[in-house]
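Handing you a structure now.
The chains carry the letters A, B, C and D, assigned in the order they are written, with residues numbered from 1 in each.
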């Protein structure tokens, strides 16, 4: 069963593959023991900010936004890179995966970033991963951008070398790399400069809210990539809906703009967990 | 569910409609009380010799080869004419149908006649009906033909006026119209003449066998329209298969040529009935 | 990038489509089926914006349940398999969501409940009744939690009738619908037993099967639970048959559910005897416009046939 | 006019696909399902020419039956509904057709029988055994004749086991397969009861439902029998689940049947535990090439995976 959606870089409608496709893990890049990039065969294209569901048979299936997709999927030569951090049972099992193993993926799901000239990319923690793919896509389209990337420590900063070759500044909570303190600290100054016409952000929800606020202050359009617990990924189960309008993070999101966030009342609250309850246990 | 087949007169593949479509009876032409032509809306095209399944809700569904189809079905202005004789419960119920009533039809099923120049059309009894449509199609394509049409009595001779405006000779068993005796009586003479390059026949099976024999004698290709008891009409149930090769009258037929009849061993035998048994009860 | 156009869809307004289920007036016969979108007031509200005539919330039990790991929902060529495993935040939390929905939206809301024992159905009904849903649907037929909860109650007429009585007692006058399984042999008789036990409506059907999809390369079932209930286009004829059988045995209204993604599907269920039309998988098969499109198609049908409402059509396929 | 190209299709020859069911060697695992084509020696012979590994004849009973009026077979969007009503010329006549088939064709032929009583199954088995089919399939699960014949035997394990014993006694050493209904609750247990009663194989599944299709304009069920069994694509996941459940309970071979029209469908059934692959509606869904195409796809899969036969795949989805 497939839905027609538009791939931004192929120009033609792309079918969503809603049943898992077995793909080989071609390579595993170890950032550190609990932070790796998995290079997978690409049976379909994925746009920056869209996500796939990654199935580890016998374990579970979870959403991931690729950190890079090479576009030659029609030649069966494309690759999808997924960068993940071990935070729980699934991602721990993922860390144990080796090249040659087969996993299942389906997608592409949801709405990604739209590619705008003069974008400011703001990434925090694992949120840097999807921004790397976005940056790559902006590059290929000759669209200028700047990136501000933050993480807890230097070890958590992803794709530093890669971003350094572009235009990026770095932030760490502990000052072990780049500027010390949150990535959002100089946001107002940057936006004030008038050189940005769009902001794309991915990271912890408090960071996204800070970005949102700053963009609103400076009347700059924003695109924020959210995370919510997902069960179906295809807009059916209601698990990922945001309070207020019921907007589905898996379908209308994960990248949401001011228009779609209007009326949403749950930003910054603990997320709903697997039961659907919004508990203090749910992380932001 | 639809299969792609080729419609001879539209040039493009036509989908077989395998679930009954409700259509209005536009008109009923009374030949006599037990012999009528029903003019139906045409939701799909039917080629000469192909058949439809006609459903009388609450009664049954039976195969009929149209006696005329007007081709403007894509404009929803086409008409399918079915000429039927009351021979049993279904056809008796059909005789009671009035204009404005709705019946169900599906099709087109099977393989029809191919339109050849210099065809001789040989029809017996109700077999004249499909030949009328064939004759009409040959006419429209500017292909010359002659028809030899037989029936028990003058009252059973169908479409006499229509055929008289073309090139036709008539035969009745009782001599009440045309030549007295079987339609096949002068077949050898006609074929001898060398003016025919193809023979198309529809009628009682003994007549078809006589035509087959004559054509073989004169090495003229023949196309014979057969009838068998049908249950599904779509080549699945096996009810209409002919002994020998198992060829399906509903799918490879009802119009069969020397190639398809090769190996068939049941010609002229009593037909299999609804149970699948070949009984003396089954008519030829 | 073409962003999914979001709400609000204008919906479809045609007073001829208004129906009443157990005394509850619906603006149109479409009902969001349980387990689709209805996790929270807001997610169910999405279906309001999309044009549903009523919404059913996800089935809830006494305790919160995480349900099965993913994949829990897998499409196949002709429908969907799901083994969500009745994940839900528990009746207390659901009651809050339903109460919130009642405050914020004008269209009828149906709760859906399940229990691990007959008595538990009553407890859950009592909790959920506090939120005053317009109707309580009783899920006696979920195939996904069988190993844990035992044989589905819905296969047994006497047990189902007993559950009906227990829920009726606990639900403080709120109408009760029993949701039946197509796996039940003699679904008409079971529905009759529910009516005799006081049910105000029947919902039919829950998912079919269960079924299994195996990945030929990985050589294992795709669903984490291995098996899951089948819904969507594949099950429409079974839903039609069940509604037809039930309609010939009961006088209470039927919410016909299963495989509807177009108006002609809904019409079949109505002609078989349904008053309401449950839509779940149709949201995936036909997209967000499904409620509006089904209603539009029903209006067109009324136009073509010069009818003022759906009453003459309901059950018309019975002779 | 493009005439349907007729036989003989070349078929597909790959010794790696050879399988054995109850000691009967098949050139490939595909088996023409009962009720499709197999009315006569010649019609079943069509399936030989199309590449089937074995053929099953239409189910026969003691007396000739006309079956239901038409429409008796109606496709819907995702499969087929049929209510042929077990039309058959009676066991005596069927025995003659089967004997004729044995003389004319080299591939294994399976008879299929039903009875109105447990004892009648034995009588029919005795008659049909005279024709020495390679296997007798026992249809305890036809949903189409229920009103006349009562609740399908196949839903009850004890009755099914009893029928198995009766048929085994009557069938003079010919292997016996029991064909089960997906409507049976606990199909694995029932299969186990059949094995314990002496069955040599299990066929699963018969049609699902039953279902109903209503014409929205004529406002009545299309099938003359109103309801009919569902087959084809819609039922594949249910067949896969049934085979999986049965395979976990029995050691005798399973003829997995239901919804196969492509090699990946067949693979799912094999991975679930099937040895033979029944194909019926696939002939309509994928056309006459279905047997050859399924086999070709299986060969390709063996190539890709460097396998010598299907043995390693059979049941491989069980962990």
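To be clear about the criterion, a residue touches a chain if its C-beta (ideal position, glycine included) is under 8 Å from a C-beta of that chain, and two chains touch if they have at least 3 such contacts.
All values derive from a computational prediction rather than experimental measurement.
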{"item": "Graph separation of chain B and chain C (steps between touching chains)", "value": "2"}
{"item": "For chain A and chain D, chains touching each", "value": "C"}
{"item": "Whole-Å gap between the CA centroids of chain B and chain D", "value": "34"}
{"item": "Length of the line joining the C-alpha centres of chain A and chain B, rounded to whole Å", "value": "66"}
{"item": "Intercentroid distance (Cα basis), chain D paired with chain C, Å", "value": "34"}
{"item": "Residue list for chain B, restricted to those that touch at least two other chains", "value": "58"}
{"item": "Sites on chain C at which at least two other chains make contact", "value": "76-77, 213, 220, 319"}
{"item": "Overall pattern in which the protein chains touch one another (line/ring/star/complete/other)", "value": "line"}
{"item": "Which pairs of chains touch, using the document's own definition", "value": "A-C, B-D, C-D"}
{"item": "In the complex with chain C, residue positions of chain A that touch it", "value": "1, 3, 5-6, 8, 18-20, 22, 47, 53, 55, 57-62, 102, 104, 111-115, 230-239, 241-248, 251-252, 257, 259-260, 265, 272-277"}
{"item": "Contacting residues of chain C [partner chain D, same complex]", "value": "76-79, 81, 151, 155, 182-183, 185, 208-214, 216, 219-221, 226-227, 230, 233-238, 240-241, 244, 264, 267-268, 271-272, 301, 313, 316-317, 319"}
{"item": "Interface residues, chain C side, partner chain A - complex", "value": "1-4, 6-7, 35-46, 49, 58, 64-67, 69-77, 80, 84, 87-90, 93, 213, 215, 217-218, 220, 222, 224, 280-281, 283-285, 287-288"}
